Each structure stands twice: as C-alpha cells, then as structure tokens.
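Each of the next two complexes has chain A plus one more chain, namely chain B in the first and chain C in the second.
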Partner chain A sequence: MILNIARKELKSLFASPMGWIILALLMMAFGSYYLTGVNNYFEVMSGAIRPAERVGVTIFVGQTVYSIASFIMLFAVPLLTMRLISEERRSQTLPFLFSAPISLTEIVLGKFLGLIVFLSILVFYIFLMLTTLNIWADIDFGYLVANSIGLWLLVASFSALGIYFSSLTQQPIIAAILSFISLFALMIMERFFASDPNHWFAYLSLMKHFQSFSRGLIDSSDLMYFFLFISTFLTLTIRRLDADRLRG
Partner chain B sequence: MSNLTLEAIELTRLFGGREAVKNVSFHLEKGEVLGFLGPNGAGKSTTMRMLTGNLAPSIGTVKICGIDMIENPKEAKALIGYLPEMRPIYKELSVDEFLTIAARLHKVPSKQIKKAVDIAKEKCGLSHMSKRLIENLSNGYQQRVAIAQAIIHNPLVVILDEPTVGLDPIQIREIRSLIREIGQKHSVILSTHILPEVEMVCDRVQIIDKGNLVFHGSIDELKQHRQGNKLLVGFSKAPPLSALKDVEGITKVEKVEAGMYRVHFKNKQPPSEAIVRLSVKNRWGLYQIAPDQTSLEDVFVQLTEKKQKN
Partner chain C sequence: MKINSKLRLQILIQNSFFVVLFIVLVFLLGFLANQYRFSKDITQANRNTLTTGSVNVLKQMKGPITLTVFASKDDVNNGDTFRQGIINFMTRYQRTKPDINIKFISPVEEPKLAQEMGIKVDGEVVVEYQKRSEHINPPFAEQEMTNLFMRLSRTNQQAVMYLDGHGERNLIGLKNNDVGEFGKQLESKGFKFANPNLTVESEVPLNGSMLVIASPQKKYFFY
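Showing the complex of A and B:
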C-alpha cells in the first residue's frame, strides 16, 4: 500500500513537465559545478599549493559538488514537498485517500517514499557523475559513498520537514516558505555557536551532522540523528492528519 | 442481522461545542437505496463523512457489515465507496491512470485492475474518454469520473454525496438507473436536494434538519404526507362558502382566490361527485376540480419547520 501511494506521487510528479524540468535543471547545476571543480583542480594543484597540503582529486571535486548539492537541495526540496499535502487539501482530494482502506501512516510514508525515490535519482546521478573521474584518476569510492549517504539522509530530512509544513496549510507557497526558513535556520544553527562547538543547541544543526559524512566518515550517532529527525517530522505529519479526522 | 450493511448508532458530532449532528441513528439493509435529504448546513455531509471514516464522531459508532469503523478502519473502509461533495480527482492524470490508482488503493487484485477500470468506465459512460486528461473534461464528465472512482472496487455500501450535480438530463437518468442497479445488489446512500430524484430512486428516505433526524421512513410514507384530504375547486360563478360547507363530508372550505376554493374533507372518498351534482343544479359554472397535492417541497418544509417549533 505504501508503494501504491508512492507510485501515485511519482506519477503525478511526472504527469506534468514539472518533474522532468526540475530533474534537468538540478542535474545541469550539479554538472556545471563538477566541471568547474575539475578545472579548478588543475589550476590550483598545478603549483599554487605546497605538495604537503595537496588533496586528492576525489576530495577536491567531491567537496565542491556535495557542498553545492546540499545548498541547492535546501531550495529544491521545499519546492517539491510544498504540494504533497497542501495541494490535496486545497483541491479537496484528501477524502479520496482517507476513505480508501489505507492507514494515515501508510499515506504519509507513501508520499515520503515517492519523493525520496525522486530525490534518490539525483543523489545517484551525482555519485555516477563523480565516478567518471575514475577514468583518469584512481578515486576514493568510500569517500563518495559516505557523501552520497550523507546527502541522501540530508534530503530525506528536508523532505520529512517539508511534508510536515505542507500538512499544516492549504497554501503550497506558504508551506514552501515555512520549510525553507526552518531548514535554513537548522542548517546555519551551528554558526551561531561557533565559539562553543559542543553546545547542545549546535548539536541540533543539520549541517553539523552532514559534515562528518562530507569528511567521508559514517558515524552511527549521525545516522541516528537523521533517523530521529525524519521519524519525528513524519510522526508529526501523521498526527496532524489525524487531527483533521478528529477535529474536522 | 446479516442483511444489515450499515449501522449508524447515536452519532453526534460537535464542532467547537456546536452540535452539527445530534444523536442520529439509522441502518441500511442489503439491496436498499436510502435517500438523505436536508436543507443546506443540516449536517448531511458531516454525517456522510462520519460514515466513511473521514471524520471521527464525537459520540456514537458506525458499523459497516458489523465491522466497527473506529476500531477496524481499514477493513470497514474496504467495503465502502464514497463520492464526497467536492469531487476528489487528480486533474493532472488521465481517466485511465486515475481509475487505475483508485482501483489499486482500494485493493483490487492487480490482475483484475484493468477489468475493473473497464467496467467502471462502461457503467459511467466514460469508455471513449480513457486517454483524456481529467483536467480537460467537462464538468459533467469529471463528475462521472468521480462516480466511477466510488464504484470501482464493487463496494458493498456506496455513499454518494450529491452525485447528479452538474450532469445533463440524459446523464442524470443514466446515473439514476446506475444507482438503482447498484442498489439491487448492494446498498446505496444518496444525499441530494432534488426531491423528485429521491422519489424516483430511493426505497427509503430520511430528512435531517439542524443535525436532527426529522423524518425516517419509506417513500410511501413520505407520499402520504403529501396527499392530504384536500380538493381544489374552481367556479366561474362563485357560490357562498356556506353552500359548500353543507355538503356531506366536507369539514372546511378556504377561499384561495376569486372563484377558487380549497375544500378539506373527512373521509377517504373525496366528495367530488356531490360537488359536481350541486354545481350543475345551482349553475355555479364548475370548471376545475382536482386533488390538491402538496408538493414534496411543501412536505419537506412542513417537516423541517414542525421540528423547529418543537
């Protein structure tokens, strides 16, 4: 059943040119950063930096692409999540899902999964793009895998939060703005605590947990953080939809 | 008991302290079409939303074929087809795509989905619209899609909230016969405010007003309210009121307009013959004599107003 809802979401994403255009634009953006990364590598590494400080091509290009990817996703994901529930609320199609023999949990998880599948295409594309470096160089696949997992978890968290804001309102635009602002706040939160990096408040920051992935480190506490983040917002969404049924 | 497909037991729904539906109980048997009438804001749609599990009742229970909607929502919902007031259709999809999704979500086995979609399309007259985007369909066709969505999984109870809105007269007739057809095998609840529709389609009627059930009975019972013991009589040379009152069986005579009287009588047999005879004898110039039928609208108004006074 979750799969059926996910299929429905993907179908309506790709029913209009919207899904394709978003994919194409984002891939173009990542692609161009990849090229600049490779160009910069040759320029910088050809002599500007002392041999002891030189980094490998994987880290150099990977860092460029993954840091810009996480930043672009900050804008792209709210635009994708905004319509998931609020659009249905506005066009009054929620009763279609509510009166089918599916639980609210399945509805929310299905919608989440549909979006994740869509975003996974992008994450996978970035990974594939970077592996093309292997043609000329001997690259560090572990680093790429860790970064991909990190980016994947990051966009999954963005999506979970976006879905929650989408369930709060009837206006997709409001949902997009709210989720963008809160995601942005969560991303830069640690900068406010730069003087005290171990403050518990900084620990809430999404960026702080993404950083260890971007160093190529898969830390179970970070995995746990993302897992909790996602499940918290999905649970809140289910609660919000349940309130519709209870309060009317 | 096995014939009961739907039971609503003492349903009450509060919206911020205000009772939208008060203590409504009714049941539906297999092979029955129940008409649900009421003025705007009476609580029709609220009741239907509670029956389909879209809204939790504040008090009371809903049972579909004995399965409690609140305790086992999935099992209960599988037996229901619901067409809400606002048609829940995804306009960016084509008719086939949308109906396939509807079938899938209602757990139609994947091998039978194509067949189910074809049958639903045929029943609703959509076969030639399969590949069209729902967005580009006319209002009436969109309504047909919404109806097809509600019957695609062959549900035991079909709940339709104003199904004939926006349809042309021919389509209205087709949909009515479709409802009758479904009603023979399964059960249908139909909300509408087109009274003749109720008369044509439904076996039983219930009228709700301000959250209360004010009438609950068969169509014949409603018709009895309609035909009162009244005659409408017209004379070109109007006789005095007292002359008519003397006729045997007549209890009351009212003047409607010049030369027109409304005659109330006591017995089952209308005293038409006596009036005609008297008119011929006295040359009153009788030109019209007919039973005075209160329209269903009047019955409706009477029933809803009576309750208000109480």
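Showing the complex of A and C:
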C-alpha cells in the first residue's frame, strides 16, 4: 500500500510539466556550479598556491557542487513538501484518504517515499554529473559516494520536517515558509556556537552532521542523527493526522 | 464518539505525555549514538585517516592527553574558524585514541592564566600527557603533532652522549661533515644530548643511554 501511495505522488509530480521543470531548473543550477568549479580549479591551482594547500579536482569541484546543492535544496524541498498534506486538507480530500482501508502510517510513509524517490533522482544526477570528471582525471569515487549519501540523508530530513509542517496547516504557502525558516535555523545553528564547537546545542545542527559526510567519512553517530530526525518528524506527522481523524 | 471537555483534557494530557516522552527517547538515543560511535573513511586516498606511524605512536601512549588551545574567540582574528580547524584536525587522532580532550581558552578573557602558561602566540596549543607538557604553535600538520606526541611519550630521560674535539662528526654542528640535521631530527623526537668532557671527568658517566663516537680523526688517550 505504501508503494501505491508513493507511485501516486510521483505520478502527480510528473503528470504536469512541473516535475520536469523542477528537475531541469535544479540541474541547470548544479550544472553551472559544476562548470564554474572546473573553471576555478584550473585558475586557482595554476596560480601561486603552496603545494601543501593544493587539493585534488574531486574535492575542489565536489565541495563546490555539494555545498551549493545542500543550500539550494533548502529552498527546493519546502516548496515540494508544502502541498503534500495541506493541499489535501484544503481541497477536503483528507476525509477520503482517512476512510480508505489503509493506516495513517502507510499514508504518511507513502507520501514521504514518493518525494524521496523524486529527490533521489536529483542526488543521483549530481553524482553522475561529477563522475564525468573521470574522463579527464582519476577521481575519488569514495568521496563522491560519501557526499551523495550525506546529501540524500539531508534532503530526506528536509522532507520529513516539511511533511510535518504541511500536516499542521491548511495553507501550503504557510507550510513552506514555516519549514523553510525552521530548516534554515537548524542549518545555521552551529554558527552561533562557533566559538564553542563542542557545545551540545551545536549537535542539533543539520549542517554539523552533513560535514563528516562531506569529508568522505561515514560516521555511525551522524547516520543515527539523520535517522532519528526523520523518524521523529514522521511520527509527529502521524500523531497529528491521528488527532485530526479523532476530532473529525 | 462524543467529545466533551473532560475527554478533551484527557486527550491533551495523553498527547503531551507522549510527545515529551518521545522527544526524551529521541535525545537519549542520539546521546547514546554519540557515545558509542564508529566511523569509516571511504575516500580512496584515506584522507581522513592517520598514517601508520602516528597510529603506532598513539598506541604506545596510555592515559589521557589534554590539549589546551589558547585562541581568541571572536571572528575578527578568525578565532572561530581556527577553533573549528583544530577540532577537525584532531578528530583524526581522536578516532584512534578517544581519550584526547580539547579545551579552548581565550587568552583575552584569561590573560593571567595565559601568562602563567607562557603563551606567546594566539593559537598556541599546550599538550599535556602524564604531567608533562609541551607547546606547539600553528601552523602544524600531522608530522609536527605526532613528533610532539612522541617527545611526550618518551619517559626515558637518559641522554645521548657524544664526544667532540677529535674531529668527530658533531650531532649539533652546522659544518659540512657534521650530522646536525640528523641531530635535529632526534631532538624533535624527544632525545636529549649531553657532551661529557673527558679531560675533566676521569671516565665516561654512567647515566647516559649511549655514547656516540662518530668517526674521530685523532687518537683517543685514556689514562
């Protein structure tokens, strides 16, 4: 049943040109950063830079693309999640969904999964785009894989939080604004504790956990953080819809 | 189901209990995951892993190591970036030896303490291990840090003795036929030198670890 809902969500994204346009525009943004990255690499590395500070082309270009990707996703994901539940509520189709012979968990997981499949296409495209560097250079695939896993977990966390805010309100645009603000706060939280990097509050920041992936490191604690983040907001969404169903 | 105010209160209490307990559980799991962490470096160049030399040095060191970093706090001098840089740099060591603790002290806020510790540069790091300490100034890389750890872990304080005055290659000399560069390497790894004066002392002192006689050009006379 989860798969059916996920398929329906995906179909509704690709039924209109909307899904294609989003993919194309985002890829254009990532592609242009990729090209500037390659350009800058030759400019910077051919200049007077100390040999100890030189980095490989994978890291130089990968860092450019993945850091901008995490930032662009911060805007893109709330716009995609905003209509998932609040649109159903506004068009009064939520009672139909509740009365269907599926559990609330399946509904929420299905919607989440549909969105994740859509976003996975983007993450995979970015990975493919960066592997084209392999034609000219010998690149570090492990670094790219770690970054892709990190980015994937990051957008999954964005979506989970976005779905939660979408379940709170009737207006999709309010859901988008709320989830954007809270995601932005979570992303830059560690900046406020920059002078005390071991403070436990900085541990809550999404960016801090993305960083170890962006260095090519798979850390169990960071995997657990993303897993807990996603499951927390999905559970809260299910609880919220359950309360709706009870009150009628 | 009819909902009256009593039932509504019950539901509210039930829900808030659930949310509070759930969030406590999530924080607990997050805390546990942070305590028992393991990580894998999947880059091809192993850029997040220490070299085997450093790992061997760390393995010989029993007991905690404390790093006290005297770095200013504000962003004017890039203090925050520097602090984050130190943490990123030391995580490679901490993954091999978890009981490396890092403490940050702003020399601007505690000038007295900085003076007592003899801090001269912003960003100076005091490394303590088994009641002995050494200072290191930025910029430093893995080689310098590992050499410092090696110096600290060398408890044997018996000196390396060398003779001179007979045309030997000198361990602290600068001339062409001297081995001063080798001496510097030994010194950076924690060896101490002593130069026994055999014209004053009647025999070679017993408290040294070894006596280096590096290709003398003249004959020795022992009485």
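The criterion applied here is as follows: the second predicted complex is superposed on the first by the 248 of 248 C-alpha atoms of A that agree within 3 Å, B and C clash if a C-alpha of one lies under 4 Å from a C-alpha of the other, contacts with A are read in each partner's own complex, and residues count from 1 in each chain.
Assume a residue touches a chain if its C-beta (ideal position, glycine included) is under 8 Å from a C-beta of that chain, and two chains touch if they have at least 3 such contacts.
Everything numeric in this text was worked out from a predicted model, so none of it was measured.
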Which superposed partner A:100 touches (first chain B, second chain C, both, neither): first
Chain B versus chain C as contact partner of A:225, first or second or both or neither: second
Touched partner set for A:92, first chain B, second chain C, both or neither: first
Contact breadth on chain A, by residue count: chain C or chain B: C
Touching partner for A:246 - first (chain B), second (chain C), both, neither: both
Partner chain in contact with A:143 - chain B first, chain C second, else both or neither: second
First, second, both or neither for A:124, with chain B first and chain C second: neither
First (chain B), second (chain C), both or neither touched by A:192: neither
Which of chain B and chain C A:8 touches, first, second, both or neither: first
Partner chain in contact with A:16 - chain B first, chain C second, else both or neither: first
Chain C-contacting residues of chain A that also contact chain B: 246
Chain A to chain C touching residues, read off their complex: 52, 56, 140-143, 145-146, 194-198, 203, 212, 215-221, 224-225, 228, 231-232, 235-236, 239, 243, 246-247
Touching residues (chain side chain A, partner chain B) in the complex: 1, 4-5, 7-8, 11-12, 15-16, 91-103, 245-246, 248
Parts of chain B lying in touch with chain A, wherever the complex brings them together: 13, 15, 46, 49, 52-56, 73-75, 77-78, 80, 82, 84, 86-93, 97, 101-102, 104-107, 149
Touching residues on chain C, where the partner in the complex is chain A: 1, 3, 11, 15, 18-19, 22-23, 26, 29-30, 33-34, 36-45, 47-48, 73-75, 79-81, 83-84, 87-88, 102, 104, 141
